[in-house]
């Protein structure tokens, strides 16, 4: 292992330890888990979607909502705590490059979100599996075709969610490298998440012919600068197989997520190199 | 041999606000810090000494000027691997133990895994932190935080140690302990740069001092040279009677000398405090 | 100079990632039918955004549906229709939403409109008829979209067939829907018989008999008791068509 990689991993390790000890992480994790578990109780409010879909949507919603909040707020907090407490001064005075510092922060935060996604998707998978067993038995008695859920689809969905949150972390780190305050970073990071979730509108428009060259150029630029976060929300199709997703499409989305991460992280390190601490 | 730190015509401007108004923190500063000495950088708050150190360490970019550390351009990995730094009022992750922190910093500083244990134990020993090394940093007192900060700064056996206000907020006993650590570093042939506005302490531990004011260097030299008044002398006399005093004054007058003041010598309050609480340690 | 190279590389990476996401978006777009629908445009920013932004679509769809019931009680046609369509758009896999939206628009809303214009006594019969047809058409359009998305479409097909028969008075269209309903995997037992009866009454007697006979022989006869009521209906048709004994369905052992 190269010394540079070792230093990066040490930063990641300490970042991870710091993050998992935060009450904020535990709080959101508990909230997300409670949301997943409570979906079984709330299914009485369902209007015939199929119970598994209702439970899945509750879980996906929890993962999306709390995952997004966690990746924006926690990443910004982890970055600014180092700057405000002057820990960054101590670390960056050592033979540690700013790229190693920022990439280490990224992997530490991403690992924390990995724990979050694994725990919530594991819980959701467990709840759905248990309910599926009951529904299959009931459907067999009634002579109906039961709705089933796909465990491999759940795994793929969890992986895509993790990648989506990774993209969000890189965006927040890039903003942090530029920003002077925690609040500014959280606000801009949150807006970037919303814009990323709605980027598909421009993406869809780009795929259709447009009369105005200026409008076309604007749309093209929007789709190139903003990440498409909506493409990761294919939980329904993956887990419940309502419409099905080709394997190649999942791989393409995953690669797209990785491409965004590399791009934003590169920009983040460029910006951070010029920052005065 | 090159200087430990060489600063030539350093200027640092900070831009303020959107309109980019400039605030000059360091103004055309030139300094040569020789190796193997304890060097004090003094000045009031806001005089530019911390900014100078940050520029030297590559944490802030210079507007103009050249800086080298141990013959290497500053802000390079080579220069920083031979430098240790303790920032003012350091904060470390509270959940780590002292030993974990020093190990973490050792790895970041490039200490090889085979040398890690020895390096960490030596640094903890020099900082007198071995006994408390396994406690979480969150339980440390202010003095212990400074000492563990000192340990992390020296764990990779740097040739140059930069300490920014190492005794700020530390009681006199803790200050004395840090002073001993500084002397120990000098005895090992290391260069120590001390940035402080506690003049008494600087006077005690430093070989050379530089005084800055409003971003400029106003005085630089050996401590003895800058403090000594060659036209004045102090004699300490025991059991002096009025008659003895008159005789002494007459004898001095015969040689053209004149006694201008006679007072009783005083101990400093710090000396008294240290004498009274000697042996107590903040643990 | 190095700085410019780095900035250029950063730009290249972002544009490259964007171009790559366009490829992945094309592949994955059909798997997200919930988004990008016209129904959502008027309600963007009214809480529905949350549903589009990620999970929780089902929950938001449910809340939207509950709200639409309030407007249904008040006979608020534009509001009720918008919210019902929104619920369908948020959760297009839910047959329940499509079916009830189709019923509400196709059967109820024309009545609300007539009342709004002064009541049955005041609105001319031709206008009433036009309104019934207009809303039935809209209801069928909603149902058609739901049929395309539902894995068990028979109830939606039956609803469309009823609208076509009773409101549009378009028996040919009604028959097409009934036939599709009868041939779907979740077909109810009565769909084929109703279809045959409508065709018969519409004058397509031979066609009705042929289709119903084939359907009964292939799908109903092998089941349970062979559906004697269907056979009775077929015997009536054979009599009506004056078929010779050898042209009729061979008598099963259980037929009385």
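Brief remarks follow.
A, B and C are the chain letters, set down in written order, and residue numbers restart from 1 in every chain.
Everything below uses one rule, namely that a contact is a pair of C-beta atoms (placed from the backbone, for glycine too) under 8 Å apart; a residue touches a chain by one contact, two chains touch by 3 or more.
If you're wondering where the values come from, they're calculated on a predicted model, not measured in any experiment.
If you draw each protein chain as a dot and join the dots that touch, you get a simple line with two loose ends. By count of C-beta pairs in contact, A-C exceeds the other of the chain pairs A-B and A-C. Taking the mean of each chain's C-alpha atoms, the chain closest to the overall C-alpha centroid is A. Among the other chains, B has the CA centre that is most remote from the centre of chain C.
Chain C has its Cα centroid 82 Å from the Cα centroid of chain B.
Distance between chain A and chain B, defined via averaged C-alpha coordinates, is recorded as 47 Å. Rounded to whole angstrom units, the spacing between the C-alpha centres of chain A and chain C is 36. In chain A, no position touches at least two other chains.
For chain B in complex with chain A, the touching residues are 54, 57-61, 77-78, 80-81, 83, 85-93, 95-96, 104-105, 107-110, 149, 152, 156, 162.
Residues of chain A that touch chain B in their complex: 3, 6-7, 10-11, 14, 17-18, 21, 85-87, 89-97, 274, 276-277.
Residues 42, 45-50, 53-54, 57-65, 68, 194, 197-198, 200-201, 203-204, 206-207, 223-225, 227-228, 230-231, 233-238, 242-246, 248-250, 252-253, 255-256, 259-260, 262-264, 266-267, 270 of chain A are the ones that touch chain C when the two sit in their complex.
Chain C makes touch with chain A in their complex at residues 6-7, 9-10, 13-36, 52-59, 61-62, 65, 91, 93-97, 151.
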